[in-house]
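What follows is a single structure, and I will ask about it in a moment.
The letters A, B, C and D name the chains in turn, as written, and every chain counts its residues from 1.
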Amino acid sequence: MIDPAAIVARFVEVRARTERLAAPLSAEDQQLQAMASASPTKWHRGHTTWFFETFLLAPHGVPAEHPTWAVLFNSYYESLGPRHTRAERGLLSRPTAAEIGVWRRLVDERVLTLLDRLDGDAWSTVAPIVELGLAHEEQHQELILTDIVAAFARHPARPVYDASFPIPDRHGGAVRWIEHAGGKGTIGAPEGGATFAFDNESPRHDVWLEPFEIADRLVTVGEWTAFAADGGYETPSLWLSDGLELVRAQRLRAPAYTERDGEVVSVFGLSGDRVAHPDEPVIHLSFYEADALATWLGGRLPTEAEWEIAADHLGQRDAVAWQWTRSSYAPYPRYRPSAGAIGEYNGKFMVNQLVLRGGSDCTPPGHTRPTYRNFWYPDTRFQRTGLRLARDPSRGRSS
Amino acid sequence: MIDPAAIVARFVEVRARTERLAAPLSAEDQQLQAMASASPTKWHRGHTTWFFETFLLAPHGVPAEHPTWAVLFNSYYESLGPRHTRAERGLLSRPTAAEIGVWRRLVDERVLTLLDRLDGDAWSTVAPIVELGLAHEEQHQELILTDIVAAFARHPARPVYDASFPIPDRHGGAVRWIEHAGGKGTIGAPEGGATFAFDNESPRHDVWLEPFEIADRLVTVGEWTAFAADGGYETPSLWLSDGLELVRAQRLRAPAYTERDGEVVSVFGLSGDRVAHPDEPVIHLSFYEADALATWLGGRLPTEAEWEIAADHLGQRDAVAWQWTRSSYAPYPRYRPSAGAIGEYNGKFMVNQLVLRGGSDCTPPGHTRPTYRNFWYPDTRFQRTGLRLARDPSRGRSS
Amino acid sequence: MIDPAAIVARFVEVRARTERLAAPLSAEDQQLQAMASASPTKWHRGHTTWFFETFLLAPHGVPAEHPTWAVLFNSYYESLGPRHTRAERGLLSRPTAAEIGVWRRLVDERVLTLLDRLDGDAWSTVAPIVELGLAHEEQHQELILTDIVAAFARHPARPVYDASFPIPDRHGGAVRWIEHAGGKGTIGAPEGGATFAFDNESPRHDVWLEPFEIADRLVTVGEWTAFAADGGYETPSLWLSDGLELVRAQRLRAPAYTERDGEVVSVFGLSGDRVAHPDEPVIHLSFYEADALATWLGGRLPTEAEWEIAADHLGQRDAVAWQWTRSSYAPYPRYRPSAGAIGEYNGKFMVNQLVLRGGSDCTPPGHTRPTYRNFWYPDTRFQRTGLRLARDPSRGRSS
Amino acid sequence: MIDPAAIVARFVEVRARTERLAAPLSAEDQQLQAMASASPTKWHRGHTTWFFETFLLAPHGVPAEHPTWAVLFNSYYESLGPRHTRAERGLLSRPTAAEIGVWRRLVDERVLTLLDRLDGDAWSTVAPIVELGLAHEEQHQELILTDIVAAFARHPARPVYDASFPIPDRHGGAVRWIEHAGGKGTIGAPEGGATFAFDNESPRHDVWLEPFEIADRLVTVGEWTAFAADGGYETPSLWLSDGLELVRAQRLRAPAYTERDGEVVSVFGLSGDRVAHPDEPVIHLSFYEADALATWLGGRLPTEAEWEIAADHLGQRDAVAWQWTRSSYAPYPRYRPSAGAIGEYNGKFMVNQLVLRGGSDCTPPGHTRPTYRNFWYPDTRFQRTGLRLARDPSRGRSS
């Protein structure tokens, strides 16, 4: 079942990909922290390295190379001791980006040496840690991209990360509604399944659904433009109360990094400023904006169970944006966090956040899956967050 | 089906009860607003009166007695025009408490005159509005009590609202676990049922439950004392991340209005300061505290579906405290708000809050029911909020 | 030198005047606290009473009538023990306004009884305390008026305190410049002089002045209107840096309680909303606005020494507004606060505030004098604050 | 009078010194901004270069090398157009430190070429601009040092800027009081004098002083230790009211970067953490702390006039710390800012700040002089701020 060679190859590949993502960024760029909920590139590179040193090397007797760095790169594991204040990661000029590069190579060598010497039995305990570490690193790869956009957006010169970063596919036209008859269904990842999944995706369990319909594509920039032009941001009846308060307090009139001038919508992103096509998915919406937009369009956000049950029919072409659901991020029935520090990974965040499903064009290839649960606070806009409509079947609707 | 005489009698009774609750309070007391989420007694008396004038009298051609007061007493109905800032209700010295009393009596007379002249057909549309208005007023009766405690708690002299306000019953001793086999169940209130229910309790719908067990009593002051004495507030592994941050930022070590000195716990409430008995339910907990306390006790919070399915077996004696569930406040499947301004009543609050079930010793008699959904933000502590444990059956447990 | 009968008469008169000022206000009005730097009417009535009980009656063996009230009505005397949080005075529903009235009458009787029994020697120590207490109470009389305007301005109905409150005299027309040759001058009140003065007005001391000119009237509403219409609020070169930041952050475009529509300027005050005449003094300006307006008019604010030296020539007709000076509130040379708690009265505020000279139409008659130093933070706008221009003589100016 | 060769030599020397100060810092270090009132090293290097490009090269027809950088490096000149938000200078990853180095060399060459070609008449207008630019750059040299300490102090590893940075001389022992008889004196720098001075040091003007005494040395760490050990931070009567509020809100118990453990005082600075000797001057005090400490020691802060009048007698050996005076930063009589953008340099900050006199061990050699007026807000602690005592002569004191 465990394929050591495949794990080693994946380790090499994922670790190298992180460095490729950081390569276009100067030492100064890599230190930018635009806000408390984003982190510097350099920090992501260090934190993911600390993860392997702490959870893989240390238990096998390999001490930390820089013991004083633990306090800097421990992100949230309370049980592992004190942590540096999250909001001040941008003040960590030391270690430098170059020093972190050296450290990464050293840890990679030590991990590969360790894996090389493992006997078969040991793999059964080591493989899940490596898998978790790599899935964790892939999450930070996505954050490297979203966080640098947040930082560059604050710079008057609007720097370009990669002028050739792909522009989203277009998916306009009439929505096709995928119908589901409701009833008992099963969602979630089996514990100890063949494919890696985070603990928050388990246990696999039954749910009961009402009949529902779900759209075959994401909501587009053009649909958002019509909403905005129709006074959507000024129409209280479309909004959840907390969303309305936020919109008013911050005078919001467009998604993050987005400006609208009549029909022309410009967006700032990895390739710099550009004009968005009406048929590409709208992103950088808060949950509140997504909910109001769905209401204006005559639909609603799906629940995460509806999304997952219908996932086989949704196709893969829309992987440009994470899709807000109306489901709060909560434990599945009988969920138990893993023992020890690793158990802090997901469970302690299960309040005040909403689940997003799907994946985005910043998500590493192969990282996500139908059971995957992403989660953010409802006011989050710096992630690549959009929506897909759902609706309740009308009784008299001919189908 | 509709019993006009019973409705009239209930109208008279509920309206009079509000005035009885306000009677012990001076004009100055009635103007106190301890914080943005609480309101002055006087305002509650005015707002509930505005409700009948706006939703019952006005549609029947009876104009508002004081048109300029609408802006003061409209609490959150965006579709009814501008509203006075919620956080500044304590600055409304005018109208005075006495003037509001005069207004209440006038509106009562006008409502009774209107009801007296209704013919049979008209009752079918009027009765639901009166029922809603009275249920709404009962909610504000509870708030009159919780809000005055919040205000008096800020006064150095610790004023007493009612020295004879009943002290909670005691329910200590070993927990008896009520077992449920799981499977398909049905929750919620039927739309258009014989008994009044708020729109957020509908539609009645099916859910799928895993097997669970739920305690026959609330968690007690003595159990909380043991948790606190064991360092519960300083143990990160017990806490949700947002809760831990709050506890640290505000240096919380006890529920609101509560102080602990070793085994002695004193609480401020409607009867002033008193020592709590270890066997009475612990209240004034935030959701975070309730969640951490449940974890420390080896259990968890129930979902609202578990609570409701088990409600018949829980008994009524514990109605001293609202009970936090782990369910986020969200729409039931196929939920649709009522049309018009009244539709703003519940739906627009369906994010960022948690559901509480049960009722408290400040809840008017007969106001709550098994399908009733109360909801508050997770950091709320000024309400009478406690918890009941649930747990997952262990596989090997003999039952 | 000491005239006991005159002191007794003044005591009766000042104490009665406070009650007359409060008389038009309901119990609810008297509890209003619009902001942390304002206080409820009721509190002013209580605090001034506490002053006599603490500094006059107690040292003569008359105990406090309500010892638990000390914590409520001690405003800032650190050496007298704990104090209630200033920002929460509006939450003090108890004692009621009526109870404070009873207390005032009781304390008045006790003071009069005490004064009646004093022998001649005792008067020499008692008279200064009574004088200080009455001057202190007069300051709070002015605050009763300014603070109720701050509270009523927040009420949508714009309540009227006194419809017949006098409207300011008009003083437009060309400025007449009063010239002063500079050189050595003397300012301040002599210590132990025949006339009462606060400790911050002493010691009387020499200053050296450059030649200066000072205007014979205050700056008017019409001049401010021209400044505003000329884009004064948007012209950075007119502003001190901190002032510009404030204006931008708060989007200020007019003095407090003031709105401008072209040439028409409306102001809210004790007599409600009214249109201001272009020739009346402009008030409710922050120091920053006064400074910018002076610069735009080609002048500058006077120093407090210039103002005082020229005071004899300024006339009394402009007593509608306190006049900002460019002098920071600081101790005069050789200043020493009084010993004991009374010494906290003025000295500890000698940083971060600017001196104002003159007096306003809310100042009790006879309360102020040429050496009087009022002081407020530079962003203060709820007081009746205006300005008088000064300027340096131009070399070539024919005079 | 003007010595072109000397000016050129000084230009080369000052510009080179800035680069030497930055040399020990990595690209990442140079981007650190610890707080809004501090700036990154890199930014100081760029801003001082922008100054010469804007005020010297541009008026002589040499266009800006990077026109888009003006918005980044214009610090506060409102009249020169939009500016980047001060608090976000740490987010300016571009231009890089290396790019700024290139720019500096280019601008230096252009300035030297320009100066080389100037004829004699032109020097009379150019020399003052170069002088101002170099004095301005020296101010930023000091800030480079103070700001990097502020940043490094936030790093858990406490980085060392320069292990050999000199430790302050020791000056304990009994204070010798320098006496002054008072009377008329003259302070300030003459306009157009032979020595460079900032505009805020002029006009030279007369003042009138009371007799005073001033200490021959700064207050020491040992004296501060005794103050702290005596409960100085908890004794309200020692404090100005605003200072007490700050101390309580921030729970201050020591100067910035300072910790006390009994008699042992450790300080963080350019050479890292070290134990301070009781006889070295105490620094990193706010104005409030300096004022309270002076009061506890039985003295007071001097006025800036007292300090300047006595300067000839104070010696130079105490130049380790800027010395708080009790004088608010205000315009001297007849002060007029320079015309144009350069006029924004000093005048617009003349409110809310206090004057400091002297100089510190971070001040460039030769930069300061007896008329020099430094100024900071009273809560500032990250600068090298200490105090020297003054006192009023006692009448009966034998001298």
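Details
In this text, a contact is a pair of C-beta atoms (placed from the backbone, for glycine too) under 8 Å apart; a residue touches a chain by one contact, two chains touch by 3 or more.
Please read these numbers as outputs of a predicted model, since none were measured by experiment.
Farthest from chain D, judged by the mean position of CA atoms in each chain, is B. In this assembly, the C-alpha centroid of chain A lies 58 Å from the C-alpha centroid of chain C.
Mean C-alpha positions place chain B and chain C at a centre distance of 47 Å.
Separating the CA-averaged centres of chain A and chain B is a span of 36 Å.
Of all residues in chain A, none touches 2 or more other chains. If you sketch which chains touch which, the chains form one closed loop in which each chain touches exactly two neighbours. Taken pair by pair, the chains that touch are A-B, A-D, B-C, C-D. The residues of chain D lying in touch with chain A in their complex are 26-29, 31-32, 34, 42, 68, 71-72, 84, 88, 90-94, 96-97, 151, 154-157, 159.
Contact residues on chain D toward chain C in their complex (touch as defined above): 76, 78-79, 184, 205-210, 236-237, 239-244, 287-288, 291, 326-328, 330-331, 333-334, 344, 348-352, 354, 378, 392.
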